[in-house]
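Below you will find the structure I want to go over with you.
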Amino acid sequence: MIASNTLFETECSYEEAKIIIFGAPFDSTTSYRPGTRFASRTMRAESYGLEYYSPGQGVDLSEVKFHDAGDLTLSFGDVNQTLADIETFANKIFSDNKFPIMIGGEHLLTLATVKAAHKNFDDLAIIHFDAHADLREEYLGVKLSHATVMHRIFDILGDNSIFQFGIRSGDKLEFEFAKKHTYLNLFDFEGLDETIEKLKGRHVYLTVDLDVLDPSVFPGTGTPEAGGVSFVELMKAAFKVFDGCNVVSFDLMELSPPYDPSGISTATALKLLREFLIRLS
Amino acid sequence: MIASNTLFETECSYEEAKIIIFGAPFDSTTSYRPGTRFASRTMRAESYGLEYYSPGQGVDLSEVKFHDAGDLTLSFGDVNQTLADIETFANKIFSDNKFPIMIGGEHLLTLATVKAAHKNFDDLAIIHFDAHADLREEYLGVKLSHATVMHRIFDILGDNSIFQFGIRSGDKLEFEFAKKHTYLNLFDFEGLDETIEKLKGRHVYLTVDLDVLDPSVFPGTGTPEAGGVSFVELMKAAFKVFDGCNVVSFDLMELSPPYDPSGISTATALKLLREFLIRLS
Amino acid sequence: MIASNTLFETECSYEEAKIIIFGAPFDSTTSYRPGTRFASRTMRAESYGLEYYSPGQGVDLSEVKFHDAGDLTLSFGDVNQTLADIETFANKIFSDNKFPIMIGGEHLLTLATVKAAHKNFDDLAIIHFDAHADLREEYLGVKLSHATVMHRIFDILGDNSIFQFGIRSGDKLEFEFAKKHTYLNLFDFEGLDETIEKLKGRHVYLTVDLDVLDPSVFPGTGTPEAGGVSFVELMKAAFKVFDGCNVVSFDLMELSPPYDPSGISTATALKLLREFLIRLS
Amino acid sequence: MIASNTLFETECSYEEAKIIIFGAPFDSTTSYRPGTRFASRTMRAESYGLEYYSPGQGVDLSEVKFHDAGDLTLSFGDVNQTLADIETFANKIFSDNKFPIMIGGEHLLTLATVKAAHKNFDDLAIIHFDAHADLREEYLGVKLSHATVMHRIFDILGDNSIFQFGIRSGDKLEFEFAKKHTYLNLFDFEGLDETIEKLKGRHVYLTVDLDVLDPSVFPGTGTPEAGGVSFVELMKAAFKVFDGCNVVSFDLMELSPPYDPSGISTATALKLLREFLIRLS
Amino acid sequence: MIASNTLFETECSYEEAKIIIFGAPFDSTTSYRPGTRFASRTMRAESYGLEYYSPGQGVDLSEVKFHDAGDLTLSFGDVNQTLADIETFANKIFSDNKFPIMIGGEHLLTLATVKAAHKNFDDLAIIHFDAHADLREEYLGVKLSHATVMHRIFDILGDNSIFQFGIRSGDKLEFEFAKKHTYLNLFDFEGLDETIEKLKGRHVYLTVDLDVLDPSVFPGTGTPEAGGVSFVELMKAAFKVFDGCNVVSFDLMELSPPYDPSGISTATALKLLREFLIRLS
Amino acid sequence: MIASNTLFETECSYEEAKIIIFGAPFDSTTSYRPGTRFASRTMRAESYGLEYYSPGQGVDLSEVKFHDAGDLTLSFGDVNQTLADIETFANKIFSDNKFPIMIGGEHLLTLATVKAAHKNFDDLAIIHFDAHADLREEYLGVKLSHATVMHRIFDILGDNSIFQFGIRSGDKLEFEFAKKHTYLNLFDFEGLDETIEKLKGRHVYLTVDLDVLDPSVFPGTGTPEAGGVSFVELMKAAFKVFDGCNVVSFDLMELSPPYDPSGISTATALKLLREFLIRLS
């Protein structure tokens, strides 16, 4: 018998699947420690090591119709082309009335999927779990950067559309910007219930920068920030979003396997993905 | 002065010791990430780095009479022979009215020590701390596997004899099997007091798959599962068992040094062993 | 564009290919340092990082018709079943008049492919490049072991059929056995020309234990042996075999990625595979 | 533009700074796992990866006047000379009415800075956060050792001057010594408020052995001890000391980068340093 | 005494130095394994571990007047800006009649320094030591890439100006291009003497991609290629160039510390730099 | 069966053995990268992975009478005490008419064994294989240092007694000192035959700093120096010494397991030890 190379060994085709997962292996603007380009292929390779059944939810992944589309081939060194290629790909998934899940890659890539989502759902709001505010106007002289992505998304969605949780890092200007233009909750998920209430009736994109987790739980990321949330807190917060909002897409960003020598970060990302897939179904 | 190569530099002989520790370096059925074969020798090599006094219990290891028997030489590639050799060794320790402690190796090896214990104590019950239920009927076509060990033990001990705590992984059939044939508590140690109460009068074997610990605390294991218990929770749960049950043997399984680059998992396993040795005495 | 997950991104189907590559991720009898189970998937994952054109031979891999069949799912803990499954798979490839290439896994697995080859070519001879003689009668009480594989193959093929090169490790009995039953050349490839001459008219299986290479060149293996051959020496020796013999299959065994932190061993294995594929075509 | 090589890229000179940070790269008496000699240069190299603004305190490091004096060149193999050199350097900083911060290095080095502090402030008391009591009279036959440092400091300061928190390791004699001569609180920061109250009017030196943190949070240290405090607990305890005591100096000791493959320990040490610098100002 | 943080602890100022070394930490177009961004700071940090005297040449580095200008701050994610900033910096050094040495970073950056050199020396020729031809017209849809750099340089310098040695990787088109437009010697330094002869009277830039070395000698690079040259061969070839040509600048590119866990690649790069600095003086 | 923990599982007692091996785990004066303290225990732990038979010499280790005395317990932080303890231990072995073999540890420790040898053999000469001259008068202000050991030995033995080979590193003064007081051959073993001839009639101590090997072959050492000798060259040179001189002791120094992630350096050191033990017998 030949082992399947797909995520969780899924053999569901694009056509029969409602959910489409794809990898976006790109980290060209990462200024500190690169490596998120390896996230999707590492998760794919390690996914057979995780049980496919969720004892907490009482459901097996085999009951969820999801397709693993593989990794996009992206243009290292050309950020604009890379974002355009991802946007095109995500847009096609939305156009087919499916639910795209992007595995990053650096957080900048969320700009592409949000653009695609916004094209399809013009009332789109973003729920953003992250250690970093990512609200810079520019970073190292660059407008399209992992550190500016939420500002760029603001440029598209405008006020009352960005809701940030778990944030514990950023410069002064970012927090001043947040005060004016986003909802930003420091350190944890307080205020999430109210946010969900407020977003009733709108379409929602959930972006998860996995460094929102405490580095003890998730060391494998480029810019670890002490003082983060636990695995269970993140899982429950996401469950609230999935249960209470009209979520049209989510992403899992910033796993960096080179900084995860024991593999616990990849295992944790996979477990979150399993739980989220089951919750969605 | 020559440094001792034994665990915690013990120089206690087999004869004078009440407690006999041995290593079982075998992981042939481990299908995902091997390495637990290195656990006992790594623990032995690193044990001099730990203080031998327990400030919590106020006792020094030098007051405990334990012998380090070293590592068994096992037949890689021959599971039956390996299990037979361990059973013989453990049986001899029981026959000498001593208390065996096995340092794994993969969890399947517990089948051998439990067999030996059952031969000596026919009312034996098992308390099982683990992230995984290990209740499969077979795994990858194999009946003797790390993933089936508790099912094989059930084949010997039958109903009302297996009490599982901390479990957070397994397939659907395992949880259905557990509902019928074992006591299984998800995620934590709830129900342990009642279990201890129920086991009054019986002999008890405590098997600890160290992956019951959260991966942040114990990354060095083959199949890390997010959402586990803390070091203090595990220590206290084991203390309850040692204090409240007639424990005849325990084991510490599934430390995998290759996935523990910082050494914190080995250090934690050693600290647990120190605390358990002192508690037993 | 979606990146291909196959070896060298080949998209050639089984049907149109003359050459079929498959991974055999198994190392249960490895008694010292495990990890060869990860070889095929690591090679597959890293193969896009190598240029597909051979400047030495002036040919591009795209001109070679080979299929990547993926990895077999093998029964960890059941050696007999594992060997049977590989033999069945290899036998089917031979039956289809194709050329199988196995990526190990531990060297014992060569027993399965040689059995399949022998079933199809009854005049089969083996050319064996390795640091270790692998001629033990048994090892740790086990007859089917990485350390006994050439003895087991001798049991099938008999005298005048095994030709060993690069050997620099083994016990006394193995070298005595070799004197009687195999051609064994210590340290290097001396005598290879004569061997090739002698094998004219017979079918030949080439088994390459990559630890024949010097550990400086190929650190990523379970039992590194100082004093080995260079990359160019191995490549040229294999070219001689491909050019001068009627080779029906070859394998590349014993790459162990956990012991290859810089990745140079995987890169070297891939380059050898590229060069061999082109040479065969 | 040329990147600055200093801690947090500070360009503040010795003259204009109130706070002087220096590295003390020495670990010659570390008997178990060396590596703290690399702490200061690793922190310096990685410090640009941390945001300089503290969202919790609402202040940016640029508002704090601190100078990075670089690393001392110390005499490996000559403990007395090393301590003398550090004491001289720290003494000069005190003499200039500045606030020295030492980045260790092994904990023994605190003896040198405390000596310098004591020379300048004869009512000095020590607050000591650590997993280890460090109260041995001698260790491996040596009086000047990482394991004896608090005993040596007691030799200088005498009774009622040492206040220890978070301690969870030591031998029996150390805890007996503590009962007579220091305030020692096991495991956590209980009693810190009372200590601070008691120290009103005295000058205080705060020494932080970073292994007071739980190994999950801070794996990168020579002797990890399970059961430690969290990042937030440590930060808040230190804030209490800075807010409530007349602190004249502090140190951050025992970060060991070789045991921190993911970099989370270095990142955590830097974040603590940032928070402490801001709190002091 | 405070340790110097500069390369080889040089304290020579820009003004008094003839030779100016700077780091260019950028690898945004690296499509396979990133990490060369860490080369210059790792070399700087480790340089104190190397003896400063060359027994082969009988000269000490202290006799060479070189300045360490530190690392440039570059715009991750903006290739054009990055190249412009490097060109400006190199151009200033040339304008000051000094000799720039760039420590990469990815090989694309050589385009910037060559541009600066060409502006100052219009008869410029390039001697290129590398495993890879780097002659692609474009790569992954990108014109400015590590894989296209020699093509881009050809666009500037034209025919009879590029001399490549040690090349053992590239696609078919690159080798066809080389046949027409460059001198390319496969595998080793054959033909170097003739090249040097031919270049008499012209200014020469020497670019060294350190992966020209065999991976056994230099594992720490993104795309290791088996079959490379030895340390002594590279050193002697460079000495020939320095002795026989009018060299105006050189660079050392593609050291990637994350793939150099033992540190031998960094040590080798530093030793080459020491030898080259002494040879130049 | 219980596995033996000794080197190569020897069970030969001190009394019956002619050769006594002991570990000296100390590296307190190592100023750059520590870790040689782990050499002897790592070699002991890994020695079962090496074949005990030498195909080159045709002899099995079981035919050699050697005892593994284990590791000395040494005083980290007290160099004088450490040297005294080693000298005492070695002296006892010489007094018992046995042959001591020390496994380092840092090279300074050779001073202790040479002192013991000199006490027993007053015509002693040293043959020294090393990358570094180790002839400094003092280092970092310290007289007893890994970098001064051969100078200290010269202080004892005087002129015409030190013969150095493979040297490729040192400062100017060391080479000037060597010109006057030692025989020093740069880079390789040229002149070894003449040295052996000259030493006829004298007792000889052979000290092997394993960094004489090329870093490609032996990365696991604190100060790797490119351009070293090969494994076979070192083995053959040592064989010459053993065959031609009256060797009374030898040592193997400076293996540093933390810089040997693939384990090839430990494996190489063990193979050298096996070959040397057999050659001696």
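For clarity, chains are labelled A, B, C, D, E and F in written order, and residue numbers in each chain start from 1.
The criterion applied here is as follows: a contact is a pair of C-beta atoms (placed from the backbone, for glycine too) under 8 Å apart; a residue touches a chain by one contact, two chains touch by 3 or more.
Computed from a predicted structure; not experimentally measured.
Most remote chain with respect to chain B, judged by CA-atom centres, is E. Remark: chain A and chain B have CA centroids separated by 38 Å (rounded to whole angstrom). Contact with two or more other chains is made by residues 73, 214, 216-217, 261 of chain C. Taken pairwise by the contact criterion, the protein chains fit none of the simple patterns, being neither a path, a ring, a star nor fully connected. Of all possible chain pairings, those that touch are A-B, A-C, A-D, A-E, B-C, B-D, B-F, C-E, C-F, D-E, D-F, E-F. The touching residues of chain D, counted against chain B in their complex, run 32-33, 132, 167-172, 175, 186, 214-217, 219-220, 223-227, 259-261. Within the complex formed with chain A, the residues of chain D that make contact are 48-53, 55-56, 60, 214, 216-217, 231-232, 235, 261-264, 267-268, 271-272. Every residue of chain C that touches chain A in the complex is listed here, in rising order: 1-5, 22, 25, 41, 44-45, 69-73, 85.
Contacts from chain B toward chain C in the complex involve residues 27-31, 34-35, 37, 73-79, 81, 108, 140-142, 144-145, 258.
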